[in-house]
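Notes to accompany the following structure.
A, B, C and D label the chains in the order they appear, each numbered from 1.
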Amino acid sequence: MLSELKSEFASLAPLAVIETDYKVKGYHLDVEVGPDRVVDAAELLDRLGFFLEAITGVDWLGKNPVGNQPDPVSVNEQDPEAAEAEGEAGSDAPADKMEVVYDYNRTDGVLCRVVVRCRLDRAKPELPTVSRLIPGADWHERETHDFFGIIFTGHHDLSPLLLPEDADFHPLRKDFKA
Amino acid sequence: MTLTEPWRVLAFLVGIIAFVALNAAYLVWLERKVAGHIQGRIGPKEVGPFGLLQPLADGIKLMSKQLLVPKGVDPLLFKVAPLLVLVPAVMSFVTIPFGENLVARNIDIGLLMIFAFASVNVMGLLLGGWGSNNKYAVISAARAVSQNVAYEIPMLITVVTMIMLTSTMNLNEMVIQQGGGILNWHFFANPLMPFAFLIFFVCALAETNRAPFDLGEAESELIAGFHTEYSGMGFGVFFMGEYANIIIGCSLAVILFLGGWQSPFEFLSDQGLWGVFWFLAKVYFLIFCVMWIRWTYPRTTLWGLLNLSWKILIPISLLILLLTGAMIKVWPLITGAS
Amino acid sequence: MNDLARSPNQETFVLNLGPQHPATHGVLRVKLTMDGEYIVDAEPVLGYVHRMHEKMGENRTWVQFMPNTARLDYLGALSYNHGYVKVVEQAMGLEVPERAEYLRVITVELNRIASHLLWFGAFVLDLGGFTPLLYAFDDREHILDLLESVTGSRLTFCYYRFGGLCNDVDDDFLTGTRAFIKRLRKRLPDYHNLVTKNIILINRLKDVGVLSAEMCRKYGATGPVLRGSGVDYDVRKNEPYSVYPELDFEVPVYSEGDSMARYMVRMDEIDQCLRIVEQALDKLPEGPVMAEKVPKILKPAAGDYYGAVEAARGTFGIRIVSDGTNIPYRMKLRSPTFSNLSLYGEASRGLLLPDALALMGSLDLVIPEIDR
Amino acid sequence: MSGYFKELFGGTKSLFVGLGITFKYMIKPVVTVQYPHETLVMPPRFRGHIELVGDEETGAPKCVVCGMCQKACPTNCITLTGEKPEGGKKKVLTGYILNFTTCSLCGLCVESCKFDAITFSRDYNLAGPRKDAYIFDLKKRLEEKSG
């Protein structure tokens, strides 16, 4: 399953495809794509019988995104110092990013969890919606928009789902203070 | 029993109204006790011994509450509706024989009169629901009407069977025909009668909007249905009407099938107050069954209800009507010929 | 029936079901567009008990977040505790003593039975039957008493700790649990005779609110909803965790996809939970209930971790992002009923109001968990 | 047609079976506890609000004002103050306030205490008309209890 997936993903020009240690991470494959490829990734996984378990965001304000490295064996998982240093090669001032994470899973007995992530410019967090393809993404995207202010272009209704109707704040942004 | 006619009527009217009010109050208490014990609880117990004063407390509470008339309702319909439920129910008691001589008006078309009044009852529900300016109430009113229409048919067919069997519409006359012990009750008149009784009982449940046919007030769907907007005694009168209708339904079942005020065994008296005792004992037993059923079953849907009526109750009641007619007319011919 | 709902010159009206309505079990609002009693469109409106647990998670230490996990789904709190300790232990590489794992399974399954029993009662209440609720409460009360005696709480348990449990159980709990298993096995046939076989209930649930397996997949529905649509998916089997692989149990699957199938899945699950608890009690080893080498201050290595457990209502997933400090950087709680409810709009289209409420009841909603 | 009758008879039978079951339960004894007249005793592990533990001999609080409970609390509902008496070595507790309105009864404070100086109360009958009825002065409570 994994190798098949990897070769399928190769056609999407992903930014990274990393096999991870399921025992530690809880998922098998970590794929990073650009915002223009999110729908393609969803379409590919949907075609292969995956279902979308959740969509969420992570706000990396003033921080380098903590991610997986292509070769997990060489990384000392137990050492936070090392993990922090591995963010981006040159540790300049980090470019503020907003990350959207899609969790895919299967129900047919094949154990394979795929994480698709997409990093966006924090100043203008926009990416296309997958809710046309996967109706279940509708609410997850609305929730992510509520909490992070990430705009899913093409979504039919991004009005607040969990927050009050008139909410104009995004509580899970790191610069939000209650 | 030597009162002159106007006084007699007055005494009966006061008696009937007192009977209805007292019964409505104490049937609520009984219902709560039955429900409690079925569910492993006790039910009311704090007010008075065994909670016997609970209905009094409830009554005082309901009466002291403000009668809210919400915005946008039709005030006339809204206020008249509860009375339209209660008054016909009270009127129906006029022809019910509680004992051999204990009947307000022993008229020859008593049965017809009861059904005439029973069909007014549904008007009350409709107007209450319609007048409330509440969507839940309107849905409920529509349900109540279609339900009543559907269930009058099998009920009336069964009643026609009974009229054929007894060749009278006088209720007291019917009871007198069933004298002489339990085996002379119409319930045992022929092998079809238990089924007729069952159909009549189910229809009575549906007519009085009791569970499992309480679609009109389905609390988990329509909050409280047609009386959602009623408060205080407006609600209280609806409630009294509901219980009065249950008593009427059960009384009719007792009169038609279970021998009315006749005692079940010949050696037991049914004269005077004994007749009243037997009548009420049977009625309360049926009322207990009604409650027992309510606390056992889930609610049907309108489709289920109409299916039951049109696919099961009406064909079977028609069959019973035909067979009974045949038995009455054909059987004597055969036996007479042989 | 659907043709009726779509007659061309239909006159529709909007019915506001909730936020206070007997059938929504909490503060959920459903905006129904109705044509008579047919539902043309249903739009759930959420957020009435939204508390932003995810933000709270970013403001307290890993240990301090534990009580919050019990407050998502207050009916099956231990599954959520379990999911949380599972993912953090996985991130930290903590080994949990076997006795602790067995006790986790025992308590989680008892909690699952309690949750299903309450659902059973509330579902039949939705359908207008009052009495089964009280019977179910009677049995559930026994479970809560048992769990209270070990955890000290009746609903918001907070019993697990990273690396084990906060308390060991005593013999009273073990004998009490065995007695309870016996008791519930005796009472289950009564439930089936009173409710499951009742012709009124069967007529109300059969072929009502059919969800296809494909629809469940598209919406990400899990748990009994998915298993009622013929998909054999249970995290306990598909992604074995804890000591579930050592226990012998079946995953009930019904392929009809209607409300009756979902009802049957849950009722059968009660049976299976009893089996699991019984086996776990038999196999319960002696030993400590807390790992020895648990650091005082937890600092999972930087990175993100995902863990999922089978909660009473479906897959509870939790994604944690750690930046290597003792405070979580991000905590995503994926609640099963959120996804399960999201299909309600599509699934209830063209249904009658009572059928739509039967469908909603069969999804087993717990609002605080949807709103988080 | 045979299916029709089968359903009719099966259905009717199921209804009577249901009545039988509710009747069976009706004649069983009731299971409820008549609450204000009868009360239950909470199990020893019951997590009520916290309570200070006094020294068995002196009755003075065992607390040494280390502040671990305060630190462990997720909702900051514990405020404690202490001071060193002149000439004394150990800190002495001068005030222990529990803001029960925000307490989530998680028990992390009791777990964090190494001196067994706090414990759970088994009191569950908590009702009051005002919010400030739930700002407990635990030190005062302890003094009232012991003295």
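Basically, contacts are C-beta pairs under 8 Å (C-beta built on N, C-alpha and C of every residue); 3 or more make two chains touch, one makes a residue touch a chain.
Please read these numbers as outputs of a predicted model, since none were measured by experiment.
Common neighbours of chain C and chain D under the contact rule above are B. Once chain C is excluded from the assembly, the chains that remain, linked only through touching, form the groups A | B, D. Using CA-based centroids throughout, the chain positioned farthest away from chain D is B.
More C-beta pairs touch across one of B-C and A-C than the other; that pair is A-C. Taking the mean of the C-alpha atoms as each chain's centre, chain B and chain C sit 44 Å apart.
If you average the CA atoms of chain A and of chain C, the two centres end up 26 Å from each other. With centres taken as mean Cα positions, chain D sits 41 Å from chain A. Annotation: 65 Å between the Cα-based centres of chain A and chain B.
Multi-chain contact residues of chain B (touching two or more other chains): 38-41, 295-297. For chain D, residues touching at least two other chains, in rising order: 15, 18, 21-22, 25, 31.
Of all possible chain pairs, the ones that touch are A-C, B-C, B-D, C-D.
Taken in their complex, chain D has these residues touching chain C: 7, 10-12, 14-15, 17-18, 21-22, 24-25, 31, 42-43, 45-47, 72-74, 104-108, 111, 120.
Residues 60, 63-68, 71, 131, 135, 138, 145, 148-153, 156, 158, 166-167, 190, 193-195, 197-200 of chain C touch chain D in their complex.
On chain C, the positions that touch chain B within their shared complex are 13, 15, 21-23, 36-37, 124-131, 134-135, 138, 194-195, 198, 200-201, 203-204, 352-355, 357. On the side of chain A, the complex with chain C involves touching residues 23-27, 49, 51-54, 56, 58-59, 63, 66-68, 77-81, 83-84, 101, 103, 105, 107-109, 111, 113, 115, 134-136, 138-140, 143, 147, 160-164, 171-172, 178.
Chain B makes touch with chain D in their complex at residues 34, 36-42, 45, 292-293, 295-297, 311-312.
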